[in-house]
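A short worksheet on the structure shown next.
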Amino acid sequence: MQGEIRLEELTKQFAGVVAVDAIDLQMPPGEFFTLLGPSGCGKTTTLRMIAGFERPTSGRILLDGGDVAQVPPHRRNVNTVFQSYALFPHLDVAGNVAFGLKYRRVTKAEQRKMVVEVLERVQLGGFEHRKPAQLSGGQQQRVALARALVLTPRVLLLDEPLGALDARLRKDLQVELKALQVDIGVTFVFVTHDQEEALTMSDRIAVMRSGRVEQVASPREMYDEPATEFVADFLGVSNLLPAEAAGRDGDCCVLRLGESTLLAARGATGSRGPVKAMIRPERIGIEPHGSAGENRLPGLVERVVFLGGSSELHVRVVGGSVLKATVVSGDGEAAGLSRGAAVSLHLPREALRVLVPDSAQEAESAAAAAERPVRTAPSM
Amino acid sequence: MSGRWTWRLLSLPGVGWLSVFFLVAFYAVLCVAFGNQDTLSQPVPFWNPLDWNVGYVLDVLRNIWHGGQYLTVLLRTLAFVAIAMALALLVGYPVAYFTARHAGRFRGLVLLGLIVPFWINYLMRMLAWINLLSPDGWGTRVLHDLGIERLFLWLGLLSTRGGWLDGQEATVVIALVYGYIPFLILPLYAALDRIDQRQIEAARDLGASPLSAFLRVTLPLSMPGILAGSVLVALPMFGDYYTPDLVSASTRTNMIGNQIDEFTRQGSEKVTGAVLTLLLALILLALMFYYLRSTRRAAAEHAA
Amino acid sequence: MIAWVRNPWGRPRWLAVVTAAYVLWSIVPVGIAILFAFNAGRSRTTWQGFSFHWFTGSTGSVLHDPALQSALEHTLLLAGLCVAISTPIGVALGLGLQRWRGPGGGTVNTLMLLPLVTPEIVMGVALLLLFLRVFPGIGLGTPAQVIGQVTFTLSYVVVMVRGRLASIGREYEEAAADLGAPPHDQLLRVLLPLLAPAIIASAAVAFALSLDDFVVTQYLSSDASTTTVPMLLYASARGAPTPALNAIATVALVITLATLTLAFLVYRRFAGGREAVELASLEV
């Protein structure tokens, strides 16, 4: 079990502010694990606690079964790639990369060999004698990587390492990083606020918000089956329709939206009361106005946003909400629609997911904790 | 965790040094001021506060209360410093303003011109003026030729022709300005430099004339810098004794610093000298703490 | 000319005039004093021709007058000792203060800042009484002068070191720790090399401050052998000295400016222009 991290009830308080609120996380060995969330959600603090730069207020950090929460950073076999790389300006590339080897009782000759090897691996062969100031952003980032990897850590922590790079370089490095991780097999714990990045690179994502973990799942799962409104909204584009849940019909939830009735097959289908119905833009079918059938909503096209390979139609439906639907360019009739057109949107029941709104969620869990009789049985 | 104590340990020599050679030194002043004088006119400090002798302190306070020489000296010092500060601000602010906002590509050069006097030995700068203002000096000749000498004579700021260095208050004040103004201009420059150009542009955009934008935006924003710089300069100026000593041979222009110097270093009234020092320190204490607090606040805002 | 000054569209020209006038007023008198150091005759007010006489001449010059030489030597001795003592203590205190955790930091910080805002005469009297009554064993003289100078230059070193530390930030130490360096190695292998320009610069500043110091040095001097160049200038200024006085003042000035220029360049090479200017104007 090399490189497994478990966080148990990990909490960090700063002068009255709870940055990380008793979270439990398991990061399996050899995986590319991402901590995703908006700024201030506690993801960086969590990472720093794993690295050892912040001492947890309470809780345990288990690295391969051993609690390292009280171990100082220089004694953990965990290495970090910093957001600003933190390359030592007074040492050249080789000096930077070899820095940590001094504490490993490796001979000078072996050190040199290891430095050359790892630099080759990150495609910086021959850069040994350059100074950090002479390198580009992408090159500096690779040196930072090399410096950490040469120490063969069990876990590599990356704190928004691609944040300072321009979009093009970012995309290239995302692919490279992922390939590197697969190749080496070290557990990567990656922190970012960029959901696209998270979706592209991760084996597993943990979405954090206000110090808590909202959901942990693989990218596909998280995209298709977000557990909460926040997660649905944070990853990808989502449509969230406020509706009234009126109980079950078979294994679907009956949703009332004004005068329309929709059936939703996913999510908290047993709910009652105000909920949000979520559907991804690419799952919405666009049909001519007046078409009949289950889960059809009439609406008016308000805007067409051209995105190159596709367009996003903003359609105002009954009840006042605006739904975004994706139309692939050149896709027959739907592609030719313009502002003002009347359409009918098909929201297939398999693509419609019932999400309990946050406040109701908390109220429900509070009610459950107080063991008051509840009208419906919530399930996620 | 060992970390905490490493840093405190590192601080120890410095703290120890300052405690002994600064704090204890001040305590010595207190103990001498509240002490006594032995038969050889040497000061005898009373180390135990309970033994303190208020005799000398009361003498000085009585002297001040009844309008004696100490009051005169204090008031004169106050007047000199106030006028010198006003003049320094009058000259220094425009210079700082120009350097911060309008110097363009000459900024480096001008800054050099502002910084160099800062580092020239104060005494050498005074020496230069003594040379120039001596009866046969170039400066005296130029001032005479430009008619400035006549103006000063007429205004009563000069007693005799060519007698610039002859116990003239005006000379002392101008010498103070000359000596201390570099210490004022640089903080002023820094404060003005920090003002965001865009705020001024916004004011102009909203209809303010250049003068109005200056009065309503730049000036208020630079006020903390003005205050901080003024305090930074006023503090040493209050304790100055060498400037009057150099440019005026007479006790007519004595500042409180001169008085203290005469009693303490030159003469044998060290106890009275200590009392006066204490008095000076107390008067300036308010200013000192104001400055410390404002820099701490500025540093906190800077870091935020 | 008036039209040029009153240009309504350009930047206010009169400001440029005032500034130029100020800079000239500020520097020209000193320039003249330096000029007269090269005067061939004895006068300090009438130009009598160019000569190096007062610097290197056989009599009464900086090189050959025992009083002048002794003053110069003593000044340099004090400056050297002052730097040697206040730089290490100051760097240590700067590090300690910047990384201080827990209570007490504010008090120590205030203590450190106090010498910077204390008028020199107050310090002079305090130190005088200290060495007369508290440490009569040390008494007045060279040791006292060194101690007095260190006491007020210490704060300058601390402030500059802290400034540099603040801009370095904690990241490099964290990176070093992350890579396995224990705390003392973080200091030695990473922090101190990064701090080097500030250390050199503050040593230079301490040197210059000591060289130019007058009040404290005068108060703690014992006899003629503990006279420094500033004290000499003070004592002789109103007498009828020769241009040798100008000469020695020029020598001291050159040493000071050279040291500071060096420090400024070193700092700028490693830290950046803006910080170097702030350093030069000693932002507290």
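Chains here go by letter, A, B and C, matching the order in which they are written, and residues are numbered from 1 within each.
Note that a residue touches a chain if its C-beta (ideal position, glycine included) is under 8 Å from a C-beta of that chain, and two chains touch if they have at least 3 such contacts.
A quick note: this is a predicted structure, and the numbers were derived from the prediction, not measured.
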By count of C-beta pairs in contact, the leading pair of chains: B-C
Farthest chain relative to chain B (centres taken as mean CA coordinates): A
Most centrally placed chain, judged by C-alpha centres: C
Centre distance in Å when chain A and chain C are each reduced to the mean of their C-alpha atoms: 56
Gap in Å, rounded to a whole number, between the CA centres of chain C and chain B: 18
Intercentroid distance (Cα basis), chain B paired with chain A, Å: 60
For chain C, residues that touch 2 or more chains besides their own: 183
Multi-partner residues of chain B (at least 2 other chains): none
Per-residue overlap in chain A, given as positions that touch at least 2 other chains: 72
Chain B to chain C touching residues, read off their complex: 2-4, 6-15, 17-19, 21-26, 28-29, 32, 42-43, 45, 91, 94-95, 97-99, 102-104, 110-111, 113-132, 134, 136-139, 165, 178, 181-182, 186-187, 189-190, 210, 232, 235-236, 238-242, 245-246, 249, 257, 260-261, 264-265, 270, 273-274, 277, 280-281, 284, 287-288, 291-292, 295, 303
Chain B partner contacts - residues on chain C that touch it in the complex: 11-12, 15-16, 18-19, 22-23, 25-27, 29-30, 32-33, 36, 44-46, 88-90, 92-93, 95-97, 99-102, 108, 110-115, 117-130, 132-134, 147-148, 150-151, 154, 158, 166, 183-184, 208, 211-212, 214-215, 218-219, 229-230, 233-234, 237-238, 245-246, 249, 252-253, 256-257, 260, 277-278, 280-284
Interfacial residue positions of chain C with respect to chain A in the complex: 171-172, 174-183, 189-190, 193-194
For the chain A and chain C complex, residues of the former touching the latter: 51-53, 72-75, 78-80, 82, 84, 86, 88-90, 99-100, 102-104, 147-148, 151
